[in-house]
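There are two complexes below, and they share subunit A, which is joined by subunit B in the first and by subunit C in the second.
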Partner chain A sequence: MSPSPLSRLQTSRRGLLAAGGALAATGLAGCGASGRKDVTFYQSKREIFDHIKMLLAELDAAQPQYRYVHDVASNLSAGFARRNPPDVALQNYNLEMSRFRERGGLSDLSDMEEASRIRDDIKDLADWYPPYPGRTSVLPWSVAGAAVIYNRAIFDEHGLSVPTTWSEFTALCTELQDAGVTPIYGTFADAWTLNQGMFDYTLGGMIDVRTFYEQVTEIGEEVGPNAEHSFSKDWQEPIARMLELLPFHQDDAPARTYNEGNTAMANGEAAMLLQGPWALPEIAKAETGAEMGMFPLPVTEDPADLKIRVNIDLALWIPEAADQPEGARELVKFFMQPEVQDTYNVDFLYLGTTKDAPPATDPRIVEMQSYYDEARYYMGASQFIPNTIPWANYLQAIVFGEKPETMLARLDSDWASLAYRA
Partner chain B sequence: MSETTSTPPRASTPQRSSAPPPKESPNSPKIDPIYYFFLFPALLAFTLAITVPAIVGFGYSFTNSIGFGDWEFTGIRNYIAVFRDEGIVGAYLFTLGFALVTVIITNAIAFFLALGLTARIRFQRTLRTVFVLPMVISGIIIAYVFKFLFSNTVPAIAQTLGIDALSQSILANENLAWIALVIVHAWSTIPPALLIYIAGLVTVPEEVYEAASIDGASPASKLWHITLPLVSGYVVINTILGFKGYLNAYDIVVGLTDGGPGVATRTVAMSIIRGFEGGDFGYQMANAAVFFVISIIIAIFQLRLTRGKASFGS
Partner chain C sequence: MSTASTSTAPRRMRAKVRYNVPATIILLVCAITVAIPLFVTINMSLKTTAQAVDGRAFTLPAPLSGDAFAEAWSLTDLPRALSVSIFITAIAVVGEIVISSLAAYAIVRNWHRRLFRWSFFYLLAAMFIPFPVVALPQVQMTGMLGLDNPVGVAALHIVFALAFNTMLFTAFLRSIPISLEESMRIDGASTWQVFWRLIFPLLGPMSATVGIFAFLQSWNDFMMPSLIISDPRLQTVPVLQSMFQDQFSNNYNVSFASYLMAMAPAIVAYLLAQKWVISGLTQGAVK
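This part shows the complex of A and B:
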């Protein structure tokens, strides 16, 4: 070996020591001088980092006791497994999250005044996933209302109005096609967009999602072709209807991704996109000035069946194992202030969760509010299948031409297998 | 590795031959404890980070644990379910087939590239650098770049040229998506194989070829009767390492096809990790244990097949 790498090694080691010393010094200073306790706050929704950072800075300045550390990258499952979860979190509430709650990992917040301000139907929405008995473990903070995003200018140009029945909808699509306009922009390459869009919208519009899952959970291991309820049986009809939507998509839909869909909508390449409100700011980023609106996908002939797809975009929770439960509660109180919570929901196009939350006024989502207030909504059927079953992939296979019966039978057997080993 | 070879890999490292390893010398009475000292940190780290968690995880494969909170013993239910699981069996078949095809293609290309790059050619250094470059790019980035190429560039070119078969992205085709995976894996893993082959080829002494030329051997028979037998050890290394790597294929698959379209390209590693994320900890631990056993069986099989036949240069 030549001497140069060795000397480099020595310098770097010296450098490392110095850096380590400096780090230790600052660490000690940070702790000693301010005397604040560190509270770890987990929040991993990328689009809102800057906004959250600003709120945390505000909270830090408002009180002398705690310093809030913004954790954006830790693995939550690993944190819970090591009994070292964050102190508090503001996170998407889904099936994977609900496991921590179901097994008692989240603390009871029912004594907080903030908990009583949440709409009862929205509290109940959190309980579509298995709750932990006797606890209010999560405070829903924002709700996403998703439906069909449509380009208002294209609709106006062709003299179209928002359809309220399936036949009106297909007629509208045919009319657009005849005029040379792509009715729906498909992004099938990202399987999740199929789940969230055409699948959830058709299923939610045709079956009672909550009841169906209660039934198949009850049946468990026996779910299959001979059971009273099964995926093959109950989903056959909705899936067939969903597939009727395929001819209304552009030809290269199988190769297009979520981001491309947003760009295409901004450029007026298609009239509709089956996406949630999170796509609206992305569409706006292209700065084409294209005006969007939203309406629920009609899948039956009865306008009374119209519903929107909702999910708890963000919820606040504090783990049982939090080191700083008091500091965590301070944060919850801060985030639940109307000026903080409502501002977020208005700015980021979500729906409020409290009884006194102002209704949405942004023209892009304004049509969602009445459905939300009248509880004409469902949680996406795809949101109740554990990640361990690759349903999004099965669905993609169906859309790409596989027989629905084959994939639904597979889902039945996966579901039964899950119940068998539980 | 050395026990499978007929000659120790002496020739490949001529620069370091000045210090003979004491272990191999029969008349060195004592082994300097410094060697144990060198080994200890790595052994400790390996034990704590790999062995212990693996054993704990194996224990969890007999439970219904979700990786957190309470759990119960469920016996061998997880194992029974693994073998009944169409998705998992499918993932095994796909992964094995994919690894086999990729290892053959990668090694063939890497070997012939190495032949070219060890020959007396112009710009040898520059070319070697160019061919090794893919090695420094992380898999997920490679995957995203190729995803763009496959779904936009290739169809656009095909459309201009009027080739109908390629005018739709092959990533969206259940029957062709695996080819994209093979291409991208080959592209990114040819460099390490290439380096090993170059290292191997330079150990073949020039005199052997000269002697062969005097006897009138054709270039093809020189390759077949001299080069290949003399570097067979390197072929073994590349095949075993390559196969092992492709069995664990994950990052490029996730970035390129995400196991799709449908479940056409779902690998074993992917189902295991997705299962963990989905709170199916105990079950996927059982899957991982089965995968571990299968990997070991394959490795033993490969070693048996080549035992005593591998050579590392002259």
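This part shows the complex of A and C:
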């Protein structure tokens, strides 16, 4: 054996070690270089990363005590398990997130002046998920109002006005179809779009979502065909109505994804899309200049039943285990300033959560404001099913032709077995 | 094949070459399955956002734009993320090779002792425990020990790969004749010297194989760093890149640019390591 490959191997190994050591040194030197205390700030919703980064830079410059570390990568469950969660977070508020709150992982913010500025009905909205008694654990920061996104130009071209009853809506769809226009663009390949779109809209329009979940939670493991309330009983009618929407979608809807739906809307390939405000900036990305608007999906014959689907888009919270609760509170105060909070909601098409928040003026979401102010809204029914039950896939199966009774019965038994385990 | 050196030889040789048509077609198809996604990746990374969202992957970028690279660079803070990834990978590669080969050497040469035999089975048993199963206790333990950082991740990589690597090394070690070792001992070498001067160099090809596996695993790993590392500033490239994969938005151009930049070191390392493996194998073959 010649010695050269061996010696090469040894030198490069030494080289690697040296490089590793140097890196470790520089990495460690990066921490604590200034006298400021590090406060870790976690953010979900990556599309607003740049905006938040700018706000943090502003906050860093405004005070000398804390340095805010911008975190989009950490795993929250691991952080809480390690008793080392981020110091403060701005996060999508959903059922999975609410578990941390329910178990007392989040600190009480009720003594903050900012907490009293939140609208009472929005505070209540946060309590649709299991709260922790006696604490204001989360401050809702923005609310998403979702409904039917429609292309204004197509509506004008065919002389259509926004429908307020189910029969008006189906008549409108038929008219569009006769004119050779796809009424609704379906993106069934992404199961979540079915959940948040046609499912939540018909369910929310026809039943009282909150009361229903209170009932089935109480019935618990007895949920099934013989119970007073069950998924297969109470949801049968709304699901049947939802399926009536299917013929109004384009033929290749089962193969299309969320992103394709946004591009199609931007290109005027369909008149309507059942999506939330988060889709609007994506539609605008294609830079086609197509003008959009939104209206609630009518699912009954009474215009008084019209409601929009809302969810808490982002909420602020501070864990009990935060290392720097004071620094975290500084950040909450900064983010709750009207000029910071309202600017975000205006720029990203969300609805304000404070009593003094200005109404939305963007033509794309302006129609949502009155429903929001009059509390004519519901939270999406799909949002209250734990992730351990693959309901989105069950729903997709129904849309693809499976019998609704079969899938709803399965949901019943899944719900019952989860309740039995709890 | 003989090495033809006269000037007329190439023409005659070309006439003799026969193409294996089915094999060529199969190889072409295989090549295309790699080349097309790679083309799409490069193509998308050079587009503007407005063009990237139109869903047409094969249209050429117009206008040509390098913005995606700049944005990906700053969004993930690429120099820092790459340093952390390289740091973890370097420790994992070196650690896995050294520790597993030492363990394998001790086990093979003491196979007649029950303790060593059973410790081998004990190590092998770990192959049946995937990381996700023990993730939660690992998260808590590393947190308690102050190892919730890149060093902890590198250590966990070494430990989790120990089973498979030791198995590879033991199999290879058994093929090395003991007489080589005995001759060295007669000349007065200690066990330590025998290992570093004789056994470890002979293990070269296997070390290269283990090294490549270690490199790819630790470089591409998502789950372990995302769970173990608590300081977001010390996070690895794959975890930071997950910010481009969001249910509600897409940035194809930025994400593909970022993937390309993250791929570069892996490709370089792979090319180098591949050369090692081949040279190592042929050296052993023509003794």
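The criterion applied here is as follows: the second predicted complex is superposed on the first by the 389 of 422 C-alpha atoms of A that agree within 3 Å, B and C clash if a C-alpha of one lies under 4 Å from a C-alpha of the other, contacts with A are read in each partner's own complex, and residues count from 1 in each chain.
One rule holds for everything that comes next: a residue touches a chain if its C-beta (ideal position, glycine included) is under 8 Å from a C-beta of that chain, and two chains touch if they have at least 3 such contacts.
Everything quoted here is computed from the prediction, not taken from an experiment.
*Asks:* Counting only touches as set out at the top, which of subunit B and subunit C does A:N259 meet: first, second, both, neither?
*Replies:* Second partner only.
*Asks:* After lining up the shared chain so the two structures overlap, which partner does A:E47 touch, if you call subunit B first and subunit C second: first, second, both or neither?
*Replies:* Touch partner of A:E47: subunit C, not subunit B.
*Asks:* Between subunit B (first) and subunit C (second), which does A:E287 come into contact with in this model arrangement: first, second, both, or neither?
*Replies:* second
*Asks:* In the overlay, answer first, second, both or neither for which of subunit B and subunit C A:N84 touches.
*Replies:* Only subunit C is touched by A:N84; subunit B is not.
*Asks:* Looking at A:N387, would you say it contacts subunit B, subunit C, both, or neither? Reply first, second, both or neither.
*Replies:* After superposing on A, A:N387 lies in contact with subunit B but is clear of subunit C.
*Asks:* Which partner chains sit in contact with A:V72 here, subunit B, subunit C, both or neither? Use first/second/both/neither.
*Replies:* second
*Asks:* For A:R99, select first, second, both or neither according to whether it touches subunit B, subunit C, the two together, or no partner.
*Replies:* first
*Asks:* With both complexes overlaid on chain A, does A:A422 touch subunit B (first), subunit C (second), both or neither?
*Replies:* first
*Asks:* Counting contacts the way the document defines them, which residues of subunit A are shared by the two interfaces, the one with subunit B and the one with subunit C?
*Replies:* On subunit A, the residues that contact subunit B in one structure and subunit C in the other are 78, 81.
*Asks:* Quick check: in the complex, which residue numbers of subunit A touch subunit B?
*Replies:* 77-78, 80-81, 96, 99-100, 103-105, 188-189, 191, 252, 254-257, 386-390, 393-394, 396-398, 400-402, 407, 410, 413-414, 417-418, 420-422
*Asks:* Considering only the defined contacts, which subunit A positions touch subunit C in the complex?
*Replies:* 1, 5-6, 9, 13, 16-17, 19-20, 23-24, 26-27, 30-31, 40, 42, 45-47, 49-50, 69-75, 78-79, 81-84, 192, 258-260, 262-263, 278-279, 281-282, 285-287
*Asks:* Okay, in this complex, where on subunit B does subunit A touch?
*Replies:* Touch list, subunit B to subunit A: 64, 66-70, 74, 77-78, 81, 84-87, 151-152, 155, 168-169, 171-172, 174, 258-264, 266, 271, 274-280, 282-284.
*Asks:* Help me check something: in the complex, which residues belonging to subunit C touch subunit A?
*Replies:* 49-50, 53-55, 75, 80, 83-84, 86-87, 90-91, 93-94, 135-136, 139-140, 142-143, 148, 150-151, 201, 204, 226-235, 239-240, 242-244, 246-250, 276, 279-280, 283
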